[in-house]
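For reference, chains read A, B, C, D, E and F in written order, and residue numbers begin at 1 within each chain.
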Amino acid sequence: MRKQRSVKDSYVRMTELVLPNDTNTLNNLMGGKMMHWMDIVSAIAAQKHSNRIVVTASVDNVSFKESIKLGNVITLEAQVTRAFSSSMEVHINVWSEDIPSGTKVKSNEAFFTFVAVDQSGNPIDVPEAIPESEEEIKLYEGALRRRQLRLILAGRMKPHDANELKSIFDLDN
Amino acid sequence: MRKQRSVKDSYVRMTELVLPNDTNTLNNLMGGKMMHWMDIVSAIAAQKHSNRIVVTASVDNVSFKESIKLGNVITLEAQVTRAFSSSMEVHINVWSEDIPSGTKVKSNEAFFTFVAVDQSGNPIDVPEAIPESEEEIKLYEGALRRRQLRLILAGRMKPHDANELKSIFDLDN
Amino acid sequence: MRKQRSVKDSYVRMTELVLPNDTNTLNNLMGGKMMHWMDIVSAIAAQKHSNRIVVTASVDNVSFKESIKLGNVITLEAQVTRAFSSSMEVHINVWSEDIPSGTKVKSNEAFFTFVAVDQSGNPIDVPEAIPESEEEIKLYEGALRRRQLRLILAGRMKPHDANELKSIFDLDN
Amino acid sequence: MRKQRSVKDSYVRMTELVLPNDTNTLNNLMGGKMMHWMDIVSAIAAQKHSNRIVVTASVDNVSFKESIKLGNVITLEAQVTRAFSSSMEVHINVWSEDIPSGTKVKSNEAFFTFVAVDQSGNPIDVPEAIPESEEEIKLYEGALRRRQLRLILAGRMKPHDANELKSIFDLDN
Amino acid sequence: MRKQRSVKDSYVRMTELVLPNDTNTLNNLMGGKMMHWMDIVSAIAAQKHSNRIVVTASVDNVSFKESIKLGNVITLEAQVTRAFSSSMEVHINVWSEDIPSGTKVKSNEAFFTFVAVDQSGNPIDVPEAIPESEEEIKLYEGALRRRQLRLILAGRMKPHDANELKSIFDLDN
Amino acid sequence: MRKQRSVKDSYVRMTELVLPNDTNTLNNLMGGKMMHWMDIVSAIAAQKHSNRIVVTASVDNVSFKESIKLGNVITLEAQVTRAFSSSMEVHINVWSEDIPSGTKVKSNEAFFTFVAVDQSGNPIDVPEAIPESEEEIKLYEGALRRRQLRLILAGRMKPHDANELKSIFDLDN
């Protein structure tokens, strides 16, 4: 039987300081640097779940609503939501904190997917991911729908085969 | 009348070498570094179209199919596909080249969206983007559909209002 | 009356991945890189306690027992232990995790001291730091003794005036 | 008989420019970056003395008195003070220079300890370090006392066994 | 017979953004960073021509006429001009673009020379480089003269043996 | 009368460690990184001579004879050779040391030229540079010849006007 592991065992928190080289000429954090941090924190979560080296398989839509300033403290939290044979979906929340004013806002949310590989780089199975809290169960259930959207967008699934996804487009109504 | 500018004027090509710090312990390029490069090349394309400072507004789904090795030469090409008042969608193609073997493969394709801002960081209108070649026209037309998907995924549009998007899900069949 | 703040409000956790450029030719993390991370995580803790920009005032003895390998995941936890007018002592614990083998060891422990400054760089008072747990109270009480050792080592206090410190050397026995 | 080597053969001088990413939002050099440079310059001194790869074993108390500005030229000088079987203590002096005003101040002084290792990472004996000048002899003699303090602070020596150290606390007077 | 390859097959274009750490305290790009980029782009051109790892053999005189500002977009174009057994000369043109004002100026021009090496680091022959356009032929012909100047400056050729070079100094008039 | 300053007051020594990201896939230092270090050390020498911010004006031919390995210790020494109104020529010597084998070889020699500028970036006069030792006098005298070659190569002087330079080509014999 496949090994099981609680999703909360994969939880990782990372804190970063926005430095001059991370910003554009308006002193705002560049989106690419944020993506870079998201990739590292979520790769570590997937590594903790699988005890394997992992490679990024896909990044879901990310939107940037808040501008983040030089000197801000960035907190990134990542946790595996669900595992599918050798792949794992990781959910990431990002907060940005302006220390002098004491304000902290949620700036981003994202889903990254990783594949666990062995020393030769071949995919290898990972433990099942077991959600426990209400929030974890909700993310676990949504993972199937997000996976179908990923496969369609990568041209590897036909839209009319995406049963899970249909619900959000009210396809049968 | 709004200024017009040919999309091909925004074309940017960037070349990068995969260095040790860009790789994981299997000597494969980390996904986050690739996203970082994609953000820089596409931000430059959006800057060239608008002659403005730009900020990343969103990143569409990106999938990573090929593993890219230490020492590979990465070529990124970016071009604006369409402009919407202050925002611009940019299309990015990425190739990875292994010099000793002379093999070159297309490794990624992505869409990033940017907003042009003035010196105070407020959104400001950009020129209309005029497609010319067949490929450019196809990307221009698809931009509306991708934009609706972005708005739905960001929770800012209801799926049943996404007329353009419905077509890919064969909603009316 | 001076403002008070619970020490646990300053808690920060930071996670880092050991990359090639952080290591020596045996693939071990260099001590200076670890000190750099310790400084960042503890500066953020001091900033959270004081809502001020902070500058490093001193670093206490740090010893490196474990060698840390390329690819390891480093977790640093920092929390203010005590505040003295404009300065704050921060306690840092560091763990190193080897993902494939699933082993995690405590690799370092350190005390950094920071001074809060205003926009002109002049020292400015910070809230009192209130310990609550048994561990926090123990660290709070030890802070006085460590401070005397720091002042002696910096040549700013005569050893025989260090009443708190005398106890560890059993000076009166 | 153990090989001998003059301490001055290990002398290293390093010069660095304070760049934007090395500074906080007040444009002052961050303490962690300074520790990083100190580690590199002193590791090179220990390598020159031992002709071996070395690993950082401990860092003694460092205090930061002067704030160092963006654009300053930093000069670090390191020299082995004494060797103990496989370990070496290195003394570091740091100066900060503001070029336009032509002012140069001593900003830091520190002691780092390194262990020489063979290709498998095991400790290996190093040559004896022979002091010559008055200053070198003074540093050589103080090394024993600093070593006892290090062992006590690391919990590896009982304070009442620290005969050398007792003198600075006037324990027998 | 020696393999032949069109010089234009080695063409590489690289785009870089001037970031804070690349600039001095007047916010101008430092010359050393520009040389670093020139080396990378021209090494890639030489790698493309030879399908080999290459090492920098020499850099010809480079002059810096324009000051380049923080935030500017730098475009570097490199192409092999001529090959000599295992070495290749590469010509580099650099443009600097100020996006908000829409101005683009040619800022530098340079010649770097590389040697192709095998896996043990020994020089190995490369294909002949065939120029086609008028500009390429001119660069191809000048390569001999520049090579003699390089050999003289490196003390490996006597000035009176430099037949090609003599022409620019009107030696026989 | 113009201020005078001994050339030896501008002497700077810098030490660097070759890290993974500085090397190509054969673990050899990339030439561009070396040029970057040369630019920093020589800019500091020119700053010390002039007490001004300086900008790189030109780099003379540099040849790379020795391959430098990962982990090597690089020592760069720079000193102003001669000043011309607002510009200064700096001579740089580079040594590469392999610590385990204890071998140290001279790997490069170069001349960089800098212009001193005021806060608005305009050229400003610098003190005269006074050579003292035999070696310094030889470098001082050669500076005129190297300057003519630079002007010719930059197309700003006609070869037959380069009286100083003619001697090395035995033009009148």
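Convention: a residue touches a chain if its C-beta (ideal position, glycine included) is under 8 Å from a C-beta of that chain, and two chains touch if they have at least 3 such contacts.
Keep in mind that this is a model prediction, so the values were computed, not measured.
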item: Partner chains shared by subunit A and subunit E (touch criterion as defined above); value: B, D
item: Shortest path length from subunit B to subunit E (each step joins two touching chains); value: 1
item: Pair of chains joined by more contacts [C-beta pairs], D-F or E-F; value: E-F
item: Interchain centroid distance [CA atoms averaged], subunit A/subunit D, Å; value: 43
item: Subunit A-subunit B separation of Cα centroids, rounded to whole Å; value: 20
item: Of all residues in subunit B, the ones touching two or more other chains; value: 20-21, 24-25, 40, 43, 53
item: Pairs of chains found to touch, sorted by chain label; value: A-B, A-C, A-D, A-E, B-C, B-E, B-F, C-D, C-F, D-E, D-F, E-F
item: Subunit A-touching residues of subunit C, taken from the complex the two chains share; value: 12-17, 40-41, 43-44, 47-48, 51-53, 73, 99-102
item: List of subunit A residues in touch with subunit D within their complex; value: 19-21, 70-71
item: Subunit D-facing residues of subunit C, complex; value: 24-26, 28, 30-33, 35-40, 43, 53, 55-64, 67, 112, 117, 119, 121, 149-150, 152-154, 159-160, 162, 166, 168-171
item: Subunit A partner contacts - residues on subunit D that touch it in the complex; value: 20-21, 23-25
